[in-house]
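Chain nomenclature is as follows: A, B and C, assigned in order of appearance, with residue numbering initiated at 1 for each chain independently.
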Amino acid sequence: MDRIEGLAKLTGAERYVDDLPLDGTLWGMTVRSPVPRGRITGVHFGSGVDWNEFVVVDHHDIPGDNTVLLIETDQPLLAGDYVRHVEEPVALIAHRSREMVRRAIREIEVTVDPDPPIFDFTAEPTDDQIQHGSDNALKRIDVIKGDVDAALAGAAHVVEGEYRTGSQEHVYLENQGMIAWEEDGVLMIKGSLQCPFYVLKAAVRALARESDRVRIVQAPTGGGFGGKEEYPSMIALHAALLALKAEQPVRIIYDRGEDMRATTKRHPSLVRHRTGVDSDGRLVAQDIDVALDGGAYVTLSPVVLSRGVIHAAGPYACANVRIRGRAMLTNSPPHGAFRGFGAPQTHFANERHMDVVAATIGIDPDEFRRRNLIVDGQTTATGQTITDGTDRVALLDHALELSSYRERQSEHQALNASHPYLRRGIGMAAFHHGAGFTGSGEVMLASELELAGLADGRIEVLSANIEMGQGTLTVFTKLVCDRLGLAPEQVVIADADTGRVPDSGPTVASRTTMVVGRLVERACDDLRRQLGLDDSDSGDRVTRAIIDWHIEHNKPLVGHAKYKPPPGIEWDEATYTGDAYATYGWATYVAEVEVDLRTYTARVTDFVAVQDVGTVLHETLARGQIQGGVVQAIGWALTEECAWNNGVMQNNQLTNYIIPTSDDVPPIRVSFVENPFAHGPRGAKGLGELPMDGPAPAIANAVARAIDADPHEIPLTPEHLMDLLSNGR
Amino acid sequence: MTVFMPTTLAEALEVRRDHDAIPMAGGTDLLVHWPEQLKLHDRDYLDLWGIDELRHIEWSDDTLELGALTTYWDVITDAKVGAAYPLLVDAARQIGAVQIQARGTWAGNIANGSPAADGVSVLMVYGASVVIASHDKHRQVPLERFYYGYKEMDLAPDELIVAIRIPNRTYRHERFIKVGSRRAQAIAKVGAAIVSNGSGWRVVASSVAPTIRRCPTIEAQISDGELLGSPDDLLPAIRADVSPIDDLRSTAAYRERVMSRILYYAIKEMSYQ
Amino acid sequence: MGADATTPPMNRPPIKVPFTLNGMEITVSIDPAERLLDTLRYRLGMTGSKEGCGEGECGACTVHVDDIPVNSCLIPTYQVRNAEVRTIESIDPSDVGALLASGATQCGACTPGVVMTAMWVREHPELLVTHTLRELMAGNLCRCTGYDGIIDGVRQSLKEGPQ
């Protein structure tokens, strides 16, 4: 089956939010804070502009609570008297001419009486920098297993390391955008987003409207990667405030510069490891400290921290683990959801550290991993017993074989000894990624999904889960077809429109295929049950029965499904112990790099990605997810660096924020080891985030081999590599 | 905004004489972030794109002349130019990607005056001259004497660059090295163009000074045949010739050190050819 | 009150620009400050070409002008007078089958630009004597596919040749 909306995209027919007709709409723009922290003393409108021509909105125009509701309510929709980061929204204007809005916005000055900001999330805040609780910690999470101190005291070797990662911009190719208008008393908001019900809940709170007087509709979304998880609520409500005041449709479309300056990025991290190993090379203690830069408001930092902390000890068995995590407030724009959600940061530290430990104790890095990878019956850091039947050592060996790991090593040795300036190396990372929401998250979401049997016998899937390139439409269609024996033309997927679809949860956390896809299957079964059909009935019999039912009842037959946790899952939020995820994807990635000592440039020359993500439902889509994730992670590892100055991103242009082009990356060689997951649709597990976790440490380990140095920080830009080689840092 | 759209050079030079209009060739520099460049919306423009007489590649006995509208792509796809001046093709292929190469012009690259201009560096190393015209006169300036300082150049408000002339010479060694932040679509962090013939070496450096410039001290050091033991032996000459800075794209320390390494290895490799 | 991305806010007299768009001769009256991308998207309603960066870096706005790919965000519309402009809207679905099968599109925002470059390469296979496919496609940034789906699809469509 080809991608359902593929032809529309390949011929330019797909209509994204900025492609919708313009008739009667105004262009909105956001007035933003010029400074990182302080009390607003005024918003001054220049005299050279006829402001009567403009719709102007500030916090006084907010009918409900001035908040963008998420986990907490600390983030204002429009700053009233205080700002906590540069680019924080303060006011909004709209006009029918886009150029007039752009000209006018330059004539508005926000004046602020500054307070001392904090930008270093690893530093102890001074008293006058404290803005949250007693110490600026937005969230702390500890995971404790066994007795780390005793185990470290008795360990044959103790190895320490400190690892840093920088912020990363999503660079979805479609910038953020929203349109809002009122229609028969209902506020309509349509745009580029991942989580329609997040926007709805935020709208109900800030606009003081009943949920049936607001409808959120997803427009085809040109990439998300987490960047359209929480921030769209902000833009949606801004467009809504302008539209309500103007009594006209208003669209807000960020350009690339505004999008990069103002919206979320991946959390920067600092992770410290102290690791105890016995004389056989087995892990006896992992003492891990995780710090994330949360930015100026709580937003999603608690859950990003949670996933980061849970993955911090890697896919290894160790009886004594202590992970202390904290997300710290800084006066940077809030960091947010980004593919992997904390796990890429902690996996980078852990997998880089595994190589450092192996080298320190004199074991090959592959052998060190082989001795410590979890085997069935052993437990993770949170005490979750793994019994899924995946042979993680065999998976690692498969990756080494595909990458010709040993042969390459000897080739590299020969080259490195003789070449004047080229150095090659090969490195690996073994890792895992929990699919779906963490802990009891899925139970709390209690996702629901419906299938409607239409008059013509087609089946409509009603869910809140959206297509942003990852393949939701195709996977859902395929699941219905496979379950009921139908052809793709007999399945339609409803728009993710909160006025029509049940809340099947957000499109995040590698959950759509695995969790919601399973609901699709169960709703198919529910349809069949209501039709009085057997499990073996499919195809025309199903279609005929749906048509007959419609004739008899004169309305669609609706099949339902509601989330049920797999049996035996237990999670204790208070102690952070138990089954953190229903299942995990497992992987080993191998990267080969070439470093040019003339320019200190590292380039990936080969990449092998082997993973178990359960049953692969659609080979092309699954491979595309892995390849795309790997390349996004190659960028994070080597070139993507946000140049911050006083909380402002200086390089907010695609000329200066460097993502890989087709000419910068090799073909990404993907291999799936399929071990079906009993509670996923046809055995599938989530896979979208997994490929973000492994490439950075694999590349850093390869660079370490190539130049015989120990990188502790990414991105490994040429400037950083030069420092590393000349100063050892 | 008034846009003048002449079809002959003579008309264009009259516009240049009579109006304060910004000359526009392929637009690849002027149109960057255009919607936000509101001050530029209030200016007048002289669109050169319709002047066919500026669109030529002409050979004579001793020079190659590129009309002011010659694009990078024109050169990339001209096998004769590629054979005679391989560095022009090397540089052109590393400017943006095809979408930029198709519109960006060599003359525009000169007029924009960027210290990172890849096209300027290879033209300069080949000893090119800028042909300049106004309504009442023509003149020719060697490219290496064209710039005074950052974005400052020997071009009067009533003048236009109408062509570039490159002398026909044979070289024993030719090399263009661009160090960008990725392989395509990158602006040079540091770069060098190097040629040599029997009478010595010419070295032009990019992104390490307010302008693209020749490096006489480096040239003298290499031309003297002094043995280089390591890249660091070039550092004093590099410091004499250029003055790299820290900016958004790189650091002064990186630029200086990498300049020494790309030059050292290029010279070494060429000397063994 | 019609909304408007294109009407000049101040006194900028319009310019009439005749050109050929997807094989049809048209004349549009434009604001001189309009980019070709704006004319296509907001004046002519041809929204297939996308704005990804506005600085000629991402290639999502790629169209052909006189049979070569260009960034329509970097071209003032008055510069295409008398030129032949070809956009994604001219592409027949039967031409992109190989790209569909290979997974060349995911989110679709870069896709129209990718397709326009890919079609040009397919129509000029001689380019592959001097250039690699990855070099020719380097002006189209994609954040979803990691490029393999695109490169595989273009390679396959080269085998099939222009229709």
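Methods note: a residue touches a chain if its C-beta (ideal position, glycine included) is under 8 Å from a C-beta of that chain, and two chains touch if they have at least 3 such contacts.
Because the structure is predicted, anything quoted here is derived from the model rather than measured.
With A-C and B-C as the two chain pairs, more C-beta contacts join A-C. On a Cα centroid basis, the chain most remote from subunit A in this structure is B. Chain centres here are Cα means. That of subunit A falls 43 Å from that of subunit B. With centres set at the average Cα position, the gap from subunit B to subunit C is 28 Å. Multi-chain contact residues, meaning those touching two or more other chains, occur in subunit C at positions 33, 54-55, 57, 135, 138-141. Among all residues of subunit A, those that touch two or more other chains are 98-99, 103, 255, 257, 653, 655, 660-663. Counting partner chains per residue, subunit B has residues 33, 35-36, 41, 97, 183-185 touching two or more of them.
Partner subunit A is touched in their complex by these residues of subunit C: 1-5, 7-9, 33, 41-42, 45-55, 57-58, 60, 87-89, 91-93, 96, 99-112, 115, 132-135, 137-151.
For subunit A in complex with subunit B, the residues that touch the partner chain are 98-99, 102-103, 106, 255, 257, 420-421, 597-601, 639, 643, 650-651, 653, 655-656, 658, 660-664, 717-719, 722. The residues of subunit C lying in touch with subunit B in their complex are 12-13, 15, 32-33, 35, 54-57, 59, 62, 65, 68-71, 73-76, 78-79, 81-82, 117, 130-131, 135-136, 138-141.
Interface residues of subunit B, counted against subunit C in their complex, comprise 1-3, 5, 24, 26-28, 31-36, 41, 45, 47, 49-50, 73, 76, 93, 96-100, 102-103, 183-185. Those residues of subunit A that touch subunit C in the shared complex are 2-3, 5-16, 18-19, 21-27, 96-100, 103, 170-175, 220-225, 248-249, 255-257, 468-471, 620-621, 623-624, 626-632, 653-655, 659-663, 665, 667-668.
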